[in-house]
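Here it is, the structure, as structure tokens.
Lettered A, B, C, D and E in written order, each chain numbered from 1.
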Amino acid sequence: SGGGSRSAGEGGGGGGRAAEPIKIGVVTSVTGPLAGYADQEIKGLKLGIQYATGGTNEVLGRPIEIIIEDDTGSPDVGKQKAVKLLEQDKVHILQGSASTPVALQIASLAEQYEVLYMVDPAAGDQLTTTDFNKYIFRTAGINSQDALAGGKAAIEKPGDRVVHLAPDNAFGTSAQDAWNPVFEEAGGVVVRNINVPLDAKDFATYLQQVRDLDPDVLMVTWSGGNALKLFQQIGEMGLFDQMRVTTSIGDRASLQGLGDAAVGLRGVVRYFYTLPKTPVNDWLVAEHQKLYGEPPDLFTAGGMAAGIAIVEGIKKAGSTDAGKLIEALEGMSFEGPKGTYTFRKEDHQALQPMYYVEIVKDGEHDYPVPRLINELSPEETAPPVRVN
Amino acid sequence: MGPEILLETQEVSISFGGLAANRGISMQVPARTLRTVIGPNGAGKTTLFNLISGIYKPSSGRILFKGQDITGLPPHLIARRGIGRSFQLTNLFPELTVLENVRLAAQARGRHSWHFWRRAEGLAEYREAAEAALETVGMQDRTRVLARELAHGEKRKLEIAMLLAMDPELLLLDEPTAGMSREEVPGIIAVIERIRAQGKRTILMVEHKMDIVLEISDAITVLAEGTVIAEGSPQEIVADERVQAAYLGASHGYALAGSWQAAGEEGTDGAAGA
Amino acid sequence: MLLRRAKEGGWLGAAAPAAVILVLALLPFMPVVGENRYLLSLLIGAFVFAVFAMSFDVLLGYTGIVSFGHALFFGTGTYTAILLAKYAGAGFWTALTAAPLVAALLALAVGSLSLRVKGVYFAMVSMAFAEFFRVVAEKASPITGGSDGLAVQVAPDWAYGPRNRVELYFLTLALAVVTYLVLRRVLASPFGRTLVAIRENEQRAAAVGYNVFAFKLGALVLAGVVASLAGVMYAATENFVVPSVLGVDTTIQVLLMSIIGGVGTLGGPALGAGIIRLAGTLLSSYTERWRLALGVLYALLVLFLPGGLAGLARAFGRRRAARRSAAGEGGVVAGGTARAS
Amino acid sequence: MALLELDGVQTYIGEYHILQGVTLAVPPGAITVLLGRNGAGKTTTLRTVMGLTPARAGRVVFRGEEITRLAPHQVARRGIGYVPEDRGIFRDLTVAENLRVAVRGGDLPWPLRGRAPEGYARGGPADPPRGSGLEARLDWVLRLFPDLARAWRRTAGTLSGGQQQMLAIGRVLLSENALLLIDEPSKGLAPVVVEQLGEALRQIAAQTTVLLVEQNFGLAAAVGDHAVVLDDGRTVYQGSMAEILGDAALRRRYLGVA
Amino acid sequence: MGLITWLALQGLTVGLLWFLIASGLSLIFGLMNVLNFAHGALYMLGTYGALTIYMATGNFVLALAGGTLVGAVLGALIELLAIRPLYGRQLFQVLMTMGLILVFDEAVEAIWGPYPLPFAVPAALQGTFTVFDRPFPVYRLFIIGVGLTVWLLVHLFLTRSRLGIIVRAGVEDREMVQALGIDIRKVFTGVFALGGALAALGGAVAGPFEGAHTTLAAENLLPAFIVVVVGGLGSFTGSLLAAILVGLTQAFVGYYAPQFALAVNIALMAVVLVLRPQGLLGRQGG
């Protein structure tokens, strides 16, 4: 194993016995547009393992070793790396990725190699619906959970008119497919989907259409470096004043980027470090601050949950054998940073709390932050089981 | 009935921007003769070649080859009809060997160029044609040298070999001896004479070296400012006063042959006077 | 034109490729290597891209056409295979026959529009076409899965899945070798030599009687067909497709492979494909700063291997030849004729 | 003392040993003609002097200073002008722009950068320059080659072969040089222009030393003061032009001229 | 009418932004025939450089100048170290500059981290006008102004100065230019410095509009090439026109037919080149 592999047990004072390590192979987008998410995921994963092993980084008396591979955001590279982890490093468990298309590829390898795949932070529904296989478990919150949480709350009165602006790609259209029914169910009317090229230089003309349509709610689905520009222009166009703008709220970097423009924005967020009031989260925030000099971020919690789930699963199964692990994890509940997570038996999706928030200035942070309006229980945001 | 006319231009004209490079040029070249086109720099000689060989399309006028209208055909079709040309600036396949340059020219006239599976080098007819052409120009020893590595004079000869390998009825030679040493010029002239002696081909040539022109041309056409100002036998042309004024000058530009003695004397004087 | 070309011939002409093929054919039987299915899968990827790179060399190295859109044909192969498998249940061999047809038609259409422009302009127009089809693949997501991609088994059963990696290895190796031999032959044919003439001097080629446009179109069709075969092989190794296979990044990869390998040598680009695939993947496993390492690697290769890897081999061959002749004939004075050899 | 001296110069192009010992001296204030058959190394000799294909052994000395390893622009700045065999004009630039590039360390006067100069009819007599400033030189060049004035704003690539040659020669005459290296200037020129060129060369030689490569032996003989003959990359003869003219055996031996 | 004017104004802004992004590329590509794939990275470094200076000093003018300087220095270094050994070998230059992309990308991530950074619009340029009842930010006007200024200055340099002509001559025949007594190497380095400076200036000016993020290099490279090619190689003014054409097309398609926005750049390029192979203002026979 090379420089990319790091033992999670660096500080773990090993017993010196040559117990065979348990290898976790992480394939995620270390470079490329999703690099920031991957960074959060990896930090969370390590902390999760540390937390769940009580700092020893050992389970069943065996040290845990993490090997990280970069999928660069592209599925074929990701697949190649996963093969490397499986064939060369003989990892016992796979984890990752920040990209759903990559995760889909790894999932099918996991099935072929009969290895457990703990998905996080990839959020595409397919992994636990149409493309599900039994080796997939997912701690990540997913798009339809966001939709169930955010969609209902966004509609304040029957007949609210909604425009949904999203990137002109599969991610965008699938978000529209996930959210729009929830809006309609809550009594809203989706008057238009506007799909904008992901690399659009300017949003003004698209936003002008929104102005012309004058909806009650502007739903924005966006991810990528230019999200800041998008929200800035929403502000410049005066849309925050003219309508309710809602979105699935991103990581700290995007909040910083939004700046004052975002104040008043409401939406759903999967995690923000001030929101959960749980001992695990307190530990996470403190430890993260200590190690990295900053609080954890949007996908750190998911990474941590994945780490905890892996360790707890191994403990319960008493083995790294995929069959036994699956048996152990199905229906299992565990305490993670956001509270109680439960792997649903049917599709292995972890049900978990979600947060509906408003963006405010709180005087403590030099950027606007989410303030809890209401915490949605795991049951409330449980997506329908759609495994065939 | 006069002699068989191989090439005929009828009132061809072309201009670039405001500049009329050829203005209504009419010319008849009888088969199996050698015609030279002379004229001051910029008179339109190369342009006329470009029109005949299809690189430019005339804005008006027609070009007939063997009685057929070839006006406006693309260069490769004109080449395949039997008109081969050399360029004023040497124009070769620089990274290929001498032999391959000529072999490719030979191959072009045949029917094998769209063959995907035969080995090109296995097609003896083209290789032999190429070797024969190289022999004609006296380069049979240089077959494996890359074209770009040749000295200038050899490049000119190579280009003529390529033309020969195309087996054209009409050769357009644009200053074939430009830049050739005194020693090499007779070689090129011999090549041209040899081609002529074979009695199969017609040559239309641009050349500034008057001694050569006078020696080997059957007829001369003089261009100036895009039009034909004189046409006739070498004797008629040297005698023409307009031609002398516009083109020849007093000493024929120290033309090589014949003027050697005179030039020598002049040189001696010059040297003595210096 | 654009770069120095390594010359064919020398010992690289026949002995070296034969040796390389032999080693590759024996590799899976070697104890350590044969077990390492990861290495095999890297090599499988290299074979696929070797075919792609050779097809690119037909354009770049032999005809002198720079295309930034060659991935169009590669992607066409991949999509043809995947879509046929998905919607018609067709298998690998069907795809292998259908894709070249589709690619040939596409090349004819695209080529007749775009080959009228030259040089960098053609590079850009070709890129425009490829990107256009990439966008189409992305927008047709109900059929193609859009940017999430589409997964379906294309490989024949006996070469599918991790247990059959060795079989897939031999399948792709065989296809690469066959492609190499066929292309070598075709490029030595009158057609192939005509392409070289066009590369060397388009005007001259036209003036001796070649229909330059038609031959360029022919080259594009040939290159497109071979690229589509690579695309089908890719479909069979990945059993998956995303629109980015059509994108300019894919072309750029193959461009790098060709240059690093040495254009105009066929074998060079194939070798380059191996190097780039292996270097990229291995480096990224061994250091987090792999992009830095790769960038520096490119720079060094460019600076110190002006003829690509093939050029290096050729330089060796030449030095040996020089030593031989010096020893054999004593002091041949360099003169007009000595220089001829 | 000679203005330019080459001593045992050896030059390689790639692996080819082209110059294998060229030794020559160019006396000031005269025209030295470099003769030799095709491929003898004449062009390479000039390029070696210019530093374009630097010598691997031997010395090139100009005005007593060794310039063997100087970069071409440094050589040029020491007062050597060069007209290459293939003319070296910039085909994509206009005639005016070609001339502007060539004015060493300066530029054409303002009005002429755009507008064509007037009053240069075809084929005027070419008296020597009236003065030594840039304008006088330009005037001289345009009187020498009035075609250039007429083609002032055309891109040089569209000029006829002979016109391009005129441009290449005219270009170096714009700057003051101590030595001109001229490679086959008569190539492609109409006889009447060659004649004018001969006169021009004599005029040039009145103020600038010239090393001339010329295949047109008539012209060479007419203008040359000294002769150097190369054969197979070596100097085989060095002497006065008169001597060559007077010695038929010498001519036959090295030049193939009876 | 009001809407059309407003859309046209938006298009003009984006057009001039494209021009700023592409101008350095146009210069280097058009003048020296070097396909500098690292151009996008220089642009990105301009943004990050300016942002860093802006955050440190709070002085936007200084930020623009500093960012531009970063580009100039890097441009010169690229020429000296990477391009100079490779003149006449265009594809090797491509390869080399692609290697540089990787290096620069990595450097940006190492220095500034993977997260997008906000780049505040300087106070003096904040606010919006109202154009026919629709908001139009002041900063857009600034972009238009800078774009036109850059065009004018560079245009004068290229067409009027002898240096511009020397560069073009040098691209055609380096040896001959040297033989005329010009140290072409210095000139080329200078051109690269200028190209780098323009790229970085574009990045710096775009900063408050775009924010700083690590994909800036990649996402702007291709459009920049499109602008240069559509405009016609060697024509700086062509790049300006092409950029404005692209901007206007994007604005109008974005409003009236957003579903086609994804392919519009590429379609535009294909159409222009099929109809006019040498680009809008390119010289004939390119």
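Convention: contacts are C-beta pairs under 8 Å (C-beta built on N, C-alpha and C of every residue); 3 or more make two chains touch, one makes a residue touch a chain.
Every value quoted in this text rests on a predicted model; they were computed, and no experiment measured them.
The minimum number of touch steps separating chain D from chain E is 1. In summary, the chains found to touch both chain A and chain C are E.
When the C-beta pairs in contact are tallied for A-E and for B-D, the bigger tally goes to B-D. Farthest from chain D, judged by the mean position of CA atoms in each chain, is A.
With chains reduced to the mean position of their C-alpha atoms, the one farthest from chain B is A.
Centroids built from CA atoms put chain D at 48 Å from chain C. Rounded to whole angstrom, the centroid-to-centroid distance between chain B and chain C, based on C-alpha atoms, equals 42 Å.
Here the spacing of chain A and chain D, counted between their Cα centres, is 75 Å.
Counting partner chains per residue, chain D shows two or more touched chains at residues 16, 39. Counting partner chains per residue, chain C has residues 138-139, 291, 339 touching two or more of them. Across the assembly, chain A contributes residues 31, 168 that each touch 2 or more other chains.
Against chain D, the residues of chain E that register as touching in their complex are 160, 162, 165-166, 168-169, 172-173, 175-184, 283. The touching residues of chain D, counted against chain E in their complex, run 50, 52, 71-73, 75-77, 82, 84, 88-93, 97-98, 100-105, 107, 113, 171-172, 175.
Residues 35, 82, 85-86, 89-92, 94-96, 98-103, 105-107, 110, 222, 225-226, 229, 233, 262-263, 266-267, 269-270, 273-274, 277-279, 286 of chain E are the ones touching chain C in the complex. Within the complex formed with chain A, the chain E residues making contact are 3, 6-7, 10, 13-14, 17-18, 105, 109, 113-118, 120, 128, 134-135, 137, 209-211, 213-216, 219, 223, 250-252, 254-255, 258-259, 261-262. Residues of chain C that touch chain A in their complex: 36-39, 41-42, 45, 138-139, 141, 145-149, 151, 161-162, 238, 240, 242, 244, 281, 284-288, 290-291.
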